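Dropping the structures in below, format is structure tokens.
Consider the two complexes below, in which chain A is the common component and chain B and chain C are the respective partners.
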Partner chain A sequence: MDVLITGLLLGGTYALIAMGLNLQYGMARIMNLANGEMLVTGGFVAFWFWTGSQISPLLTVFLVAPAAFALNWLIYVIFLGPLVKRARSRGQLEVDAILTTFGLSFVAVGLMLAFFGGDYFSYSYLSTPIHIFGDTYGANRVAAFLSAVLICGALWLWLARSRAGMTIRAISVAPDSARLVGIDVRRTAALAFALGGAVTATGGALISTFLTLDASTGVIFTLKALVIVIMGGVGDVRGTIVAALLLGLLETFVARMIDPGLTLAAAYLLFVVILLFRPQGLFGRPTT
Partner chain B sequence: MTALSPRDWGNLALCAIALIIAACLPLSSGAYNLTIGVTIAMYTVLATSWALFSGPTHYISLATAAFFGVGAYVTGIGIQHLPYWTLLPIAGVIGAVMAALVGLATLRLSGVYFVIFTLGLAEFVRQAITWIQNISGTKGIYVLTQITEAHIYWQLLGLAALVWLLGWLIGRSRLGFALRIIGDDEQVARDSGINTARAKILLFMVPGAVAAITGAILAPRYVYLEPALAFTPMLSFQVVIMALLGGTGRLWGPLVGVIPFTFLWEGISASFPNQTTLLLGVCFLVIVYLLPKGFVGLIDAARRRMRNSEGFA
Partner chain C sequence: MKRRTFTRLAALVLAASVAGAPALAQEVLKIGAVAPKTGPLAGGAAVSYWPNVKLWINDVNARGGLKVGATTYKLEAIEYDDQTNPGETIKAVQRLVDQDKVKVVLPPYSTGLNLAAAPIYARYGLPMITSTATTDKANELSKQFPNVFITLGGAKPTVASVVETMVKLKERGDIGNKLAMVNVADAFGIELMGEAKPAFKEAGFELVYETSYPLGTQDLSPVMKAAKAATPDAFIAWSYPPDTFALTEQAIVEDLKVGAFFTAVATAFPAYAGRFGAGAEGVLGIGGVHADGDAFKEYAARHEQVTGAKPDYWASAMVYSSFQILEKSIEAVGSFDNAAIIKHVKENSFDTVIGPIKFDENNNNAAFWTVGQWQDGVFKGVASTGRDGAVEVKKKGAWQ
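What follows is the complex of A and B.
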């Protein structure tokens, strides 16, 4: 029971991060390997505001999200737009995007190391116990989970119901035909990319309330988000949420029962199983 | 296979002479130069074998550190039980088998899956070994041998010669021809009856085996072996950068990238040890935006320009 709830709480936060990556990879078609660094940056801003002036991370989110949106918009326009324009095929774009975002991720880590050093950063916010079904949990985990659920829900509604959400889904399903019905594909892709970055940074701010981060942990979160996105199916919001909860459960189970050092190894094994048996994702239909 | 032209014989002879000159390095220079020499030889072997696979197929492999670490552990564990010379082939076979398994799982799918899979591989093996050590209560392994830096250098040089020879032979074989078609258009390759998955898996076994052997050769240099050291993910990225910086289109391309990058890396890590990550990042961006074909591309373009101007004169 204890493991189950802790796992679900963790999985909820993972869902938010993976949702950010899914917007970038599934919709904007950019495999963003600098995603984890965006998360760490979000976490760092939350840390800075909390230790500097005691501003609650739940409020900082409202500052982090627009800032990350603007930053990711710029990244798309400056770095990735030219690649999209010059790419002759999807594969070419993929290779270029991977190399570029790796580069950006290293630059981000290097800058963070230069300015803030390589120390771990953590702070205690809302670390009061909460009782659920007789066991105790940190209030910060519950708060992060509830915020994640709220944001994921809003995002899902927006994607499913609004006109802008529909255009984003359109470029994800058929980028070539989307142009025929008057969608500005490049602008919409930039919007999806920026939104994905904002969601990830928000996730980082939330996750920093209960996990310890440092400048170079980003890549681990990138890896986990990638595993979730692929497990859930690229571009599939519902699949992402289910996969994130599954990964949260699995990690908590492995950490409790076997060894806390093996969480990434467990995520990796899960990834191998998915690749071997359902490479199209949990709910995806096989493509011919 | 076609017969060798006089030009091919000339190139082969030139390569042999260059190798012999390189082999004289330990005899003539000091310890520092030899250390740099070993580093360059190591990255040349790794980057060249990496480019053999990734050049034609455009799959970016980040598994170098995983194979390298496994190779280092083969020497670390095996040295107490087996004679040294048997360890290198054992490491090679293990590396090739690992690469074949990775290839079977991922090479049927798109390139992104392959990148993620190989990125996670080194971390996975590292966590697994750390866990086994925690259970069994051992920490690291001491690798105590009589092997000197010069021996390591010569072994690496021999391996480099082997890799070049192999790459040259593959380029002339049916497999090499198939790979060039796959690189141009995989669909066309499949339609013309090439078993693309098999060709890619076969080729991926080359960098797997070579990186494992390199790890096995270099293990004595570390003296004390622990997972964080043997499986450092930085190694995979450095190899990718050096190979791409040089250019993967030619067999000698990676070498052109390895030499300047090694000096740059040594210089930066000596004076600004915290800025190596930043350097890696900037190099990635330079490769994508300024040097998409690497130094080889620059050299080829310069050559073409020279030939054209001669033609007009």
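What follows is the complex of A and C.
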């Protein structure tokens, strides 16, 4: 039982890490390699507010999310918009975006070093035990999991039911045809990208309550997010959630039942197996 | 037209000489420093290494400058980021010597990067008084590279000290003989685990739980749950900074009841007490200093004043001490003759912020701190291989 719950909690963490990238890559078609840096920035802001004036990270989130949304909107308009405009094919856009955001990730690391310094930022928030079915779990992990459920649920509902969500799905499925039905593709893509950034930064603020971050840890999260997004299927919210939970459960199961040293091996084995049998990801659409 | 050009030129020369005059009065000596500012080890270097470069240069300049023969130099740092990549460390050292014409290069940061850079320092004949490298192979190293000095000790004496501390707690009846021990699957963790397992068995401990976890593991709750299920009397982790924090947090969450709780790197960081507050009380960790000594107190106060951050209670003071040794040797030799400087380092004893340092025939400083413990908000040295000022180790109480 405790393996199941620990695994679900870890899966929730992974969902928080990966959901933003899914929006950016799947919907806005920008393979954002600076995604992890956005997460670390969110974590730093939470750290700063908590150590500076004891403002709970659960409240900081409401400040982080709009700020990150605005920042990512600007990044999209200034750096990525021109790429989208001149790209002739999806492949070319992908290559250009990878190169640009790879560069941006270095800029972000440099800026963070200049502003925050290279020190670890770690603090204790809600590191109190919670008892569920007779076992103890960290309250901060449970809080992050609940937030993940809330964020992912809201996103899924919004994308599936609302008109704005539908336009985003439209540009994800068929960007060329979307224009024919009167959708402003570039504006909608900017919206999806900015939303992805906001979700990522929010996730960063939440997981900083139990993970130790520093200015250069971003790349670790980018890689993890990438693996999860590809496993789940690019551009599908359900896929990302399922893949994140699957990964969390598997890693915890291996750590408890076999050996903690094998968690990474098991995670990548799962990745390879999924790619072998469903190259488009669990929920992905087969490419034509 | 010609005359006007001449007057202009003359004015320019005059202006330049007036502006240049104060600079001529004191020469500037560039000091090269290479260490991670990005990459996996950047967090540690930002605590233990970079502030000391700033502090040392500030201190030397504050007392007038570095006196080499008849000239007194103002020091100025050239800092390069090696991205925690050994190849970059080597390139940066080459660049410092060949391109920037730097005469003094400080040692790099961490065991791996120091060992990787040892050959290039040796090729340039630079003295390399390492301060953040731990190795048991000082004798082999000094044979191959006589310019390399080791100050922070090795795995064997560190493990021996940890075992000794645990035996002391056991003999006092504070802990039983059931031990849970975990390590990060990385050169550091594997080496120390390899040393520690037989040493603890020999000392009569029973290993009730052992495991390793990959570097960068996000979630250590399975490890802590399993450790707790084995009901150990003492918990030891050969861990790196992020996992040191994560293991401690999980131990608090799980309420792991042990009489001794030991985590390795980063336990001595100010951020550890900053994060866990009273929860850090009684936690044992690798390192330590003579925290109540005047030399350290005075150093810590200056460190905070100049750099705005507190030093850690392990490597920080050693990093500064190694710079002091270099500084004193250059002044004593009175020139930048590296061979003479290395000879001077070998032959003399140095008074530093960590206490007196004298290298043995293997260029190894045999006296270093091995185990410390958080007591009343300060990480105090409880065991060393011949340093003064150790305090009595206490039993770990309940988590607060």
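Basically, the second predicted complex is superposed on the first by the 266 of 288 C-alpha atoms of A that agree within 3 Å, B and C clash if a C-alpha of one lies under 4 Å from a C-alpha of the other, contacts with A are read in each partner's own complex, and residues count from 1 in each chain.
The criterion applied here is as follows: contacts are C-beta pairs under 8 Å (C-beta built on N, C-alpha and C of every residue); 3 or more make two chains touch, one makes a residue touch a chain.
Model, not experiment: these values are computed from the prediction.
In the superposed pair of complexes, A:Leu150 makes contact with neither chain B nor chain C. Looking at the shared chain after the overlay, A:Tyr137 reaches chain C, while chain B stays out of its contact range. Looking at the shared chain after the overlay, A:Ser105 reaches chain B, while chain C stays out of its contact range. In the superposed model, A:Arg256 makes contact with chain C only, not with chain B.
By the document's definition of touching, both partners, chain B and chain C, reach A:Leu264. In the superposed model, A:Thr212 makes contact with chain C only, not with chain B.
Once the two complexes are laid over each other on the shared chain, residue contacts for A:Pro279 go to chain B alone; chain C is not touched. Once the two complexes are overlaid on the shared chain, A:Leu113 sits against chain B and chain C alike. Looking at the shared chain after the overlay, A:Val95 reaches chain B, while chain C stays out of its contact range. Touched by chain B in one complex and by chain C in the other are residues 109, 113, 118, 216, 259, 261, 264 of chain A. Within the complex formed with chain C, the residues of chain A that make contact are 2-3, 6, 9-10, 13, 51, 109, 113, 117-124, 127-129, 135-138, 141, 210-212, 214-216, 220, 251-252, 255-256, 259-261, 263-264. On the chain A side of its complex with chain B, the touching residues are 31, 79, 82-83, 91-92, 94-96, 98-100, 102-111, 113-114, 118, 216, 219, 223, 226-227, 230, 258-259, 261-262, 264-265, 268-269, 271-272, 275-276, 279. Remark: chain B residues 58, 60, 105-106, 109-113, 115-117, 119-121, 123-124, 127-128, 130-131, 134, 233, 237, 244, 274-285, 287-289 touch chain A in the complex. Of all residues in chain C, those touching chain A in their complex are 36-40, 42-43, 45-47, 50, 182, 185, 211-214, 216-219, 221-223, 225-226, 241-242, 245-246, 249-250, 252-255, 266, 269, 271, 274-277, 279, 309.
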